[in-house]
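Two complexes come next, and they have one chain in common, subunit A, joined by subunit B in the first and subunit C in the second.
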Partner chain A sequence: MSFYVASSPHHHLRRSTADLMRLVLIAMIPGILAQWYFFGWGVILQLALAIAVALASEALCLLARDRAPSSGLRDYTAVVTAALLAVSIPPLAPWWIIVIGTLFSIVVVKHLFGGVGQNIFNPAMAGYVLLLISFPVQMTSWLPPSSLTELPGLWDSILVFLFGFTGEGFSLEQIRRVESGTLLDAIVMATPLDHIKTELAQGFTLSEAKSAPIFSGAAGMGWQWVNAAYLLGGLFLIQQRVITWHIPGALLGSLGLFALIGALIAPDHLPNVDIHLLSGATMLAAFFIATDPVSAATSTRGKLVYAGLIGVLIYVIRTWGGYPDAVAFAVLLANLCVPVIDQYTRPTVYGHREERS
Partner chain B sequence: MSSSASVNSNTVQLWSFPGGIHPPERKAPANETPIRRFPIAPELIVPLRQHIGALGELVVQVGDYVRKGQALTQPGIEHGLPVHAPTSGIIVEIGDFPLNHPSAMRGPGIRLRADGDDLWIDRHPLPNYQSSTRLQVLEHLHQYGIAGLGGAGFPTARKIASANGIDVLIINGVECEPYIAADDRLMREHADAIVRGTEALQWLTQAKRVVIAIEDNKPEAITAMQSAAQNATSSVIEVVVIPTKYPSGGERQLIQILTGKQVPAQGLPLDIGVLMHNTGTAFAVSRALEKGEPLIERVVTLTGEALATPCTAWVPLGTPVAYLLEQAGFTPERDQRVIMGGPMMGFTLPHLQVPVIKTTNCILAPTRTELPAAGPEMPCIRCGACADVCPASLLPQQLYWFAKSKDYDGLKTHHLPDCIECGACAYVCPSEIPLVQYYRQAKAEMREQAIEHQKAEIARQRFEARQARLEREKQERLERHRKAAEAREAALAAREQNTPAASEGDNDPVKAALARVKAKKAAAEGATTSSASSKDDQVAAAVARAKARKAAREAENQTSNTPAKPSAQNDAPRVEKPVSNKDQVAAAVARAKARKAARDAEKDKDS
Partner chain C sequence: MMDSEYQTLTRDGLWENNPALVQLLGLCPLLAVTGTVTNALGLGLATMLVLIGSNLTVSLVRNFVPKEIRIPVFVIVIATFVTLVELLMNAFTYGLFMALGIFIPLIVTNCAIIGRAEAYASKNPWPKAAYDGFVMGLGFAFVLVALGALRELLGQGTLLDGAEMLLGEWARDLRIQLIQFDYPLLLAILPPGAFIGMGFLIAGKNWLDARRQRKAAQSPVVKAQRARVTTVN
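Then we have the complex of A and B:
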């Protein structure tokens, strides 16, 4: 009889790309729940539509590229991209926002560059930046957290999401204003980072800016808990060995370090470490976005450099840039640097110590 | 017996190597029962090449009766390692047999029909080897066919021969690959013999330090070896326990763990004063010295869930794999894999008619549920898991891209040749990319390319040598032609002295000038000659000069009736009288004679 011939090794760690992606999605659940709790049903609607669009466009792209759609869909990479984009955009942004963003992420950023493993840029972040630049109003219309207002219910959320108006005929702008309680500070309900940026630009001090009701906690009501939830999910990923500590550690470390230096130099004009680490998309970026293996650096040293660079860029853009948050720009800029980082952080191969020293 | 051997491994400093993996060990159940001994197979195939290095010279023929341990080959002109009859019986065939090779390649071998008596030949042990010379002991080991039982099967004597006065001798009992339990069982049951073999190796190498390294997943083996080392006469032997991690047993990795040093790329452990032998080799050395038994059997692990009774067994070299598996209760499933070696680095056998050789430590027959076949290859997601586990600090994913695009320069700058093919990268790859296969293929292609390159280089050198020769010949030819042309020119000049030049008055001044230069040169030659210091030379030169002058004068007189002038050539253009052919010839002859005489004089002076 003849025997099956195979190449060594004959044993494999039975953990596929799909398993890894599934774990990433599981790890996102606490963060998504926190977002749902503080900002309402919008995030769920965005997620559902984004995943549907991502799977459909992924399948079409695979067909167009003469690949079997089944294998491509089963690896969950498109779902992860869709989920990252969906949690990044304002919960009640109109439906076509997420559709355009997801299509761009999957079709242009991922498949036009060669599909899984070939994209230079993080697809979700490239999609986010496209949306932010093209539709700045919709992309900055965040809701106030639930503790400051009564959020629209599921049905009203769906109506706003699809048609822009609740059942009673309120627009998104009206929800953001009217429902924010007292009329005085409800002119526009900004995110904590946005709020600080605006206030500081107007000459207020940090403590004055932080006296707004949105800062009832450490780093902004709602947001700090969302960040904490993503931190929890991220720690789960490290525990499951889906990611290593290097990227989140270096990102949070460099961002925290710069925030600390800034706070020491100008304590009343630059946000402190806690605000930087627990506001905006910091934790999502550190554990879920920067860790995208495809667009990150590969060697351990390279990962440290890459994530450290993202941390610095986040700080620089948040502090001196035109946008309140900076994760997407920072990640894309660092993506651009990856080939250079990879080139100069190659580990010394066994037996070649002498040559390097 | 002294008990001074240091056995407390905790005091020894250990280093670590980057990467590595922890696959399921699965040493049990094969390592749970004593080493078994099956009845001898009815027919054995002894490949003449069982190891790296030259083949021995065949010393038996078909029909010969051989006894167990009888040499079938002898170290010949290339000093190849001999192989021996694993049992007594009749040689029924000498020819090409399927080899122990992934491609089912065939090679020269001997088919031996066992007679079942298992009769030994006269054995000549060398128990008091210390009283022999080092060379005699090495020759003994070589004659007894001792080769490395761990890796590539390099002839032990040759490995030791160049290793006198090393710093560290490492006995590798790490056995880091899953399933394999041959060394484990051997250490448990024959610790004393291993230590005695180790002592012999220490004596041969004069190593300052001897380390027996064992992974901490073999506690029984560690205990056995420690107590054996305690009873040893040599006090430099330490048993060192190292943490379990694959591939700690790789030569280069183990050296790094134990010494913190790295073997230079393309170098040998000897370059940093280290020599490594397998525990099985140490055992074989002690057997060859104490009992005079050549290397004709080894411990083989028979394991995998397709076997009813996984075990380790003493197997005569040459026993067919099919026979062994049968003994262990083999029930193959559909698409059964039979792996020679472990699950990480072993290779699948296309059929089972291959023999066990000196380097066969394991035959693994897993079921599909036990070791599922690799799934389809998915795209690389650059996760870098492979780089994290690479013990050589390579970047496997980069190598993969280079290998796929056949970028051999990229492969070289990323040090593909330093890949030890341990399989850790492919083991962790979430996309199930058969990375090692890519590397092996790329390495083979690079080797091929190097051979092609070498061939091209030789061809180029040959071509250039030929071009140089042609050029040289051309120059020589040109030189000959030039000389001939000169001679002709001279003859022409001589003729023209006597030729009326009126018709070509324009050209004549040039020729005259040329002639004048020549004359001056000749005169100068004469002058040089006369300046020679030796009297004889001076005389000879004077005679030659006189002769030359006379000859010239004669020629002048013969060819023209005008009175001789101080220099014949000076007046040549003015000679108007036609001369006869005969006269011209005579003049040329005379001039040639004059030149020759001048040259002779020159030569005399030189010599």
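Then we have the complex of A and C:
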């Protein structure tokens, strides 16, 4: 009679990467639906093209590295990367934007560093940063939410996505203009964070900036619901034990804490907690991006430090940086710190005493 | 015998021990000014001239300089040549002088130059030292131009834009517009593009070496050696 002794880690629930990734994709559905409702068909088109490009480039990379493409394609990691990138970029950005971004994410950031589980940076966010600093105009051309304007239909969205013009010959810039008051006085709609940044830079106070039509809700029309939908998906992930609460908790906690301190010090110049937590990509970052198991810190304490660092960085870059939102930069900078964090937060082995030096 | 020594120097400078691709020295100017081929070529030529001059001089004075003060002497020699090159560029290629800015005086801190002075020129007769300076400078310039071409092509779609700053008015026609971008890949011109491009160049070199090694499978396996070993712990 032989006793089979399994080596650690002693997980009770055996899950493959593919299962986890499938759950992440399912959890993204509410957020994607919210984006579809508020920003139109663009997000679906971006998703479709991103996933197609990601799968194709993943297969080619695996072939070039003498690996079996089928195994790599079945674990859904490329699909998750593509989906995270696709929901991050403006819905009607031209098609080549998402193609370049996805190719960079999969080929350079993932496979040149060794493929699944080896990348030091979050592939989707590295792709996003490449796009943001290379094509700033296209990457900041967000559509106004559907409650402020009439969004183009599916066919017109496809036309703008592929050729840059709708069937009637309107360009993306023209679609983005919202009639405000008089017919001649059409303004280009910025995202809530973008709007606050430019208004504050021009010397307006926060309450003046928030009087714009895009702020009819708590933290920007449309955006707050998109964030709420990602929060919902994130809670589902925690309930399914795909992720633990540590990373989202520490990220939202530190971002909220800093926003609170800022709002108490300068209530009319620094956006309050609600705007920081419910605008931009905060919830997507907290539950879906920062929790990437490969590029995040490993131990529980490490996760808290890592996510807390992201929260602080998001606040600092949003407030004093050049870009309105900061998730991608914050995540990449924190990724860089992960080896150090892991080094100093290594859990004590059972039976050993923690060494104090 | 002499010939083989020069052959070794040539192969080392251009490929096996290339200052940029293998020694990874002088990365600061390498990454900073390779936005266009013209800038890269200008700085590459300037570095090469300084390398030849400093190697030659260091080799000539090597028997008179006490070992203890050799580094200050090398630095003074290098600084002299950098000043010469700087004044020459100020006089004859003013546009490029302005474009390269601080990176011309900074040649004096290029580790590749003092590295060659210390490692080779201070131990070898002057013809070899001067030749070593020439091929090392050529190897460095070759990498600068390759990276400059890569970044200029991706970031602007052109090659040799602004060549007239280096070569005179006739060179204005050298500018080639290979691709007409509506939206160029700005990243390639920005600093991260330099790092990524450099990574690809080094990877390309290693790939070529690995392929050559695979082809010559019978030849004895050369053990990988680090140029500079930094110990952990």
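Here is the rule we go by: the second predicted complex is superposed on the first by the 330 of 357 C-alpha atoms of A that agree within 3 Å, B and C clash if a C-alpha of one lies under 4 Å from a C-alpha of the other, contacts with A are read in each partner's own complex, and residues count from 1 in each chain.
One rule holds in what follows: a residue touches a chain if its C-beta (ideal position, glycine included) is under 8 Å from a C-beta of that chain, and two chains touch if they have at least 3 such contacts.
The shown structure was predicted, so the numbers you read here are calculated from the model rather than taken from an experiment.
In the superposed model, A:I89 lies in contact with neither subunit B nor subunit C.
Contact with subunit B, but none with subunit C, is seen for A:T77 once the two complexes are overlaid on the shared chain.
Legend: residue contacts after superposition of the two complexes on their common chain; A:I32 is shown touching neither subunit B nor subunit C. For subunit A, the partner with contacts to more residues, out of subunit B and subunit C, is B. By the touch criterion stated above, A:S16 is placed in contact with subunit B alone, subunit C being left untouched. Using the contact criterion defined above for the overlaid structures, shared-chain residue A:L47 touches neither subunit B nor subunit C, since it reaches no partner. Common to the subunit B-facing and subunit C-facing surfaces of subunit A is no residue whatsoever. Against subunit A, in their complex, subunit B makes its touches with residues 17-18, 21, 23-24, 102, 178, 252, 256, 262-267, 332, 335-339, 341, 343-352, 364, 366, 371-376, 378-384, 387-388, 391-395, 397-398, 414-415, 418, 421, 423, 426-432, 434, 436-437, 440. Of all residues in subunit C, only 183, 185-188, 190, 192, 196, 203 touch subunit A in the complex they form.
Of all residues in subunit A, those touching subunit C in their complex are 100, 108, 112, 130, 133-138. Looking at the complex, you find that subunit A touches subunit B at residues 1-17, 19-20, 71, 75, 77, 115-118, 244, 293-294, 296, 298-300, 303, 342, 346-354.
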